[in-house]
Amino acid sequence: MASVKLTDVKKIYDNNVIAVHDFNLEIADKEFVVFVGPSGCGKSTTLRMIAGLEDISDGTVEIDGVVVNDLQPKDRDIAMVFQNYALYPHMTVYDNIAFSLRLKKMPEDEVYEKVTNAAEILGITEYLTRKPRALSGGQRQRVAIGRAMVRNSKVFLMDEPLSNLDAKLRNQMRAEIILLRQKLNTTFVYVTHDQTEAMTLGDRIVIMRDGIIEQVGTPTEVFEKPSNLFVAEFIGAPKMNLINTKLEQVDDKYYVTPFGARIKVGGEKGKELKAAGIAPQDVVLGVRPEHIVLAEAGSESAIPCTLEVNEMMGSELHLHVYTEDGTRLIVRVPTINLTIDQRNELVYGKKLYITFEGKVMHFFGKETGTNLIYG
Amino acid sequence: MSEKKLLEQNASPIQKRHMGLKATRALSNTAIYALLVAISVIWLIPFACILLQSFRVESTWQVGYVIPQQWGFDNYVNLFKTDFPRWYTNTFTAALVTAVLQTIIVLCMSYTLSRFRFKLRKPLMRFMLILGMFPGMLTMIILYRVLKDLGLTQANAVPGLILVYIASSGMGYYVSKGFFDTIPKSLDEAARVDGATRFQVLKKIILPLSKPIVIYTILTAFMGPWGDYVFAQYISFGTSSGMNVAVGLYRWLNKDQIAASYTMFCAGGVLVAIPVTVLFMCLQKYYVEGVTGGAVKG
Amino acid sequence: MKKYSDLEYLKLSKGQKLLYKITSFFCAIPQKIAGLFVALWNLILKGYNIVKNEAVDIWTTFVQGDWKTKVSFLVMGFGNIARGQILRGLLFLLFEVVFIGYMILAGGYWLSMLPSLGKVGPTEEYDFVLDAYYTVYNDNSFKILLYGVLTIFFIIGFVYTWRVNVRQNKLAEKILKSGKKLKSGKDDLRSMVDDKFHATLLSLPLTGILIFTVMPIVFMILVAFTNYDGAHDGYYSNLFTWVGWDNFNTMLNWNVAKGGGSVQSYAATFGEVLSWTLMWAFFATFTNYFLGMFVAMAINKKGIKLKKLWRTVLVLTIAIPQFISLLYVSKMFAKNGIVNGFLMSMGWISEALPFWEDPTWARITVILINIWIGIPHLMLITTGILMNIPADLYESARIDGANPWQQYTKITLPYMLFVTGPYLLTSFTGNMNNFNVIYLLTGGAPTNPAASSAAGTVGYTDLLITWLFKITQGAESQYYLASVVGILVFVVVALISLVVYNVLPSIKNEEDFQ
């Protein structure tokens, strides 16, 4: 249990490729922080620098107030779960979990107690005498977690622990990690490329791209107040729709004019725009698919478009539509709001009208790509 | 009309082709069996001949037939009246010591080059690649003279020979490095996070997982000296008591000795081949793994 | 020449494609050579920069360092000891003392003798008591050259260690200034099994390579510039001395006669042996490769039973030491050997076939016997790789309508060549230096009278490597010529490797088949 502090951490490889630029982050004691980003964004490298598996080119990493740059992994008091589990294939599950304890020269009866205890929590007691080869993916994952658990270390590092599991198992293990976290009550640093995992697990999310932190915030913050286009697109599924349009100001009111329609930016959003003193300008307007609704023809705010693909997801439909200028948008429509007849009509080529309200809009600078209000 | 005939009559063209396929396959399989039998015969004949001739009693020189007219162990008995036992001990000692030491050196080298990333790693590997392009025999000229000054040649050839065998064995790291490269690095990392030093990683994780390659390395390290001719010839330099079996037996095929020693050569050859063949057959699995892996890795 | 874009290239016919590839290869040669020079120049620049930076760093360390650092420039390890790193300091100091002691007691002498390789050879002295002449041995050229080289190695090592010593002082100052602690001797020892474990592991193998490979090679390269041979062994007979490029001139100049009753120059002999060596390496490599692959495929074929037995029969032959099988087989093919005996008893031939007596027969026979030796190895290697080819490649090829031959040429062969490319290269160079097969089978015979001389025989099946061996064994033991041949072997092997590495697909597009 400890805080982790990274100050100006840099990673430069031998071929002068910079993997991580001045990384600054303070992780509080018992916090669950998730690093998320597309592959090659430097999230794993950062985690491995905390673990001591990767040299730190510049800056300092502190664990519990102690600079650990020059310490070997074994001296940093950390536990880590690897993407491919990294179970020792020649050892039984019991020996795998006991490995670190035995290295510490812990008496065997204590080892026994700790290992069986961890196995109980993870529900792998019956597999203790097996070799990893004889286990399924999910079971291996549990062993890997068990191996990290018994160490009672200051920081718990997880490098894409769920990405080798199939979708169903992944959901299940995700829930178990949340439970585990409550039981262990320690500091977690978790790396993933999956935004769903990041949103559901993290107290705070660190979104990275090309070695740079794009935004740090709680799941709600990054979802509702994405600081730039990259974060806006990365968080949320399906992706946020981005529309090139104009922000206009008439008297005190703001309007946007996507695809010839004219929609008022009302309520809170309008006030926020005004408070931030945003001038009328070309903007990139972001609207999440779930915030777009089907509309009637003739209204000033209705945008005409044509249906291309209709994906039935069960509780909702994902409608892929294109507007008159060819821009492609995605609309999420809850199935429950539609009658069977209405649903049957939604086929290729169907003309539709869509609209959205002002309160769900995100505004990004056309040149900068940063959020006009929160960026 | 039988059912089968009826079927054939009504067979569609596709079905007919199918039957043709079966026939061709049977034909080509027969051809392959014939070939494999021929290969087996060709490959085994020399060894069968050597074995048969080692039991020949009626004459000691080369003859144009294979099956002895008179069988007996005379040649084997005669072997023990020569320096052969001495050569055999020499070879065995050299091969055994070399197998142990060379394995240690090769494993150190290949593990390091596979697992550690240090500044001089690439230059070192390139340097060894270039060194390997020099004919190794060239170095014998100087090594012989240096070893001679140290008193490690001729009658005392064995320690000198061991030194020569193991000295540069670090350069033969390719195969085992290729094997180590296939063990996921995350195992090392997991162990290091778990509190192991690099040495403990090697001892507790890598070595237990490397049984095949350790055995392969021991096997090849043993077989090298067991069949070596050049270095042994150089270092024993004509002194019989310092020779190994290869050098000793080679001399028996000289123009002036062959008439008296040809069948004895066969008997000696059999005795030399037996232990290493038995060893090899037991460990064949590991040898195959090593050879295949090594070639793929280059 | 016209350059095609990727899409335009696809439109060309097969012949045009080939032509385009060949012409673009040759057109690229000047560029490549230019690139080589640029790379060389960059290397020189880099070297210059490194030296410059080092010099500047040493100077600033001296100027900015405290008195402990300054003393360390003269007394190595002083800074370490003064700052509490006793173990390191003592090791540095010990090394310096040993070095200075060695240079005064011996090293200086060897270095001073190196330019001449000895001044006084063995002399005849008169013993008044016994009233007889006896020989006094004086300078020893061999030792002078050997220890001279060692001394130079030692000096380089000392300069490097001194540099490390200076750098450590600078580092120590920096660490102390930032308020951190220096590593103690105990820490140093611990790091030997942990973060410096690689240095520990490499120390023994690299020492062996340095002493038993690097040093001898340097020595032998130098020997190529001396007249070291049986008559000038540097101690017992005569001293040897530097002769410059004379030996290379002897070996490579067509107009320099070989002497000793030989009718042709060394250059002509070298050319003949080299061309046979290359021919041999080519045939030995590729016959084994394709036949081995063929046997492996035959055993692998679906429906063939007793796969394990066939393989074991072949593998068995690997186990038997080569000197036994080669020597025995060589006798089998002798004039009065079993093969001729069998053929004659069957009445198929009336007189013995000249397997080892006729140059062409001998060359073909060694290649055939080499196939016998090599196929089991290749069978093993290719079996593993063949089984790794994804079966769905063949399935999709069959659905696309490929017959077995097309499957072989379009899938199996490209895959095999890709995977085994590096292996083929090493096997080619290995065959060039395949001493055992040639020496134990034929010993180089039959003799090539035009190339041989009193100093040594050269045969039609001699490779460069067996020729080298014979030169050192001959009556005159012309070590200097052996060195020249060795260096030339290196040059040939290096050139081939360089060229092949540059065109090998497995090096260029590593991911193609993965």
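The first chain written gets the first letter, and so on, giving A, B and C; residue counts start at 1 in each chain.
Methods note: contacts are C-beta pairs under 8 Å (C-beta built on N, C-alpha and C of every residue); 3 or more make two chains touch, one makes a residue touch a chain.
Just so you know, these numbers come straight off a predicted model, no measurement behind them.
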Checklist entry - Where each step is a move between two chains that touch, what is the least number of such steps from chain A to chain B? => result 1
Item to check | Far-end chain from chain C, centres as C-alpha averages | outcome: A
Checklist outcome for this item: Per the C-alpha means, the centres of chain A and chain B lie apart by a whole-Å value of 55
Checklist outcome for this item: Between chain B and chain C, the Cα-mean centres are separated in Å by 21
Checklist entry - How many angstrom between the C-alpha centroids of chain C and chain A? => result 54
Checklist entry - Among the residues of chain B, which are close enough to touch at least two other chains? => result 197
Next on the checklist: Among all residues of chain C, which ones touch two or more of the remaining chains?
Outcome noted: 194-195
Checklist entry - On chain A, where are the residues touching two or more other chains? => result 72
Checklist entry - Which chain B residues qualify as touching chain A in the complex? => result 184, 186-187, 189-197, 200, 204-205, 208-209
Checklist entry - Can you list the chain A residues touching chain B in their complex? => result 51-53, 72-74, 78-80, 82-84, 86-90, 99-100, 103-104, 147, 151, 157
Checklist entry - Mind pulling up the chain B residues that touch chain C in the complex? => result 25, 29, 32-33, 35-36, 39-40, 42-44, 46-47, 49-50, 62-66, 105-106, 108-109, 111-112, 115-116, 118, 128, 130-131, 133-143, 145-146, 163-164, 166-171, 197-199, 202, 223, 226-227, 229-230, 246, 249-250, 253, 258, 262, 265-266, 269, 272-273, 276-277, 279-281, 284, 287-288, 291-293, 295-296, 298
Checklist outcome for this item: Given the complex, residues on chain C that touch chain B span 142, 146, 193-195, 197-198, 201-202, 204-206, 208-209, 211-214, 216-217, 219-220, 223, 295, 298-299, 301, 303-304, 310, 312-325, 327-329, 331-332, 334, 336-338, 340-342, 344-345, 372, 376-377, 380-381, 383-385, 388, 419-423, 426, 429, 433, 435-436, 439-440, 464-465, 468-469, 472, 479, 482-483, 486, 489-490, 493-494, 497, 506
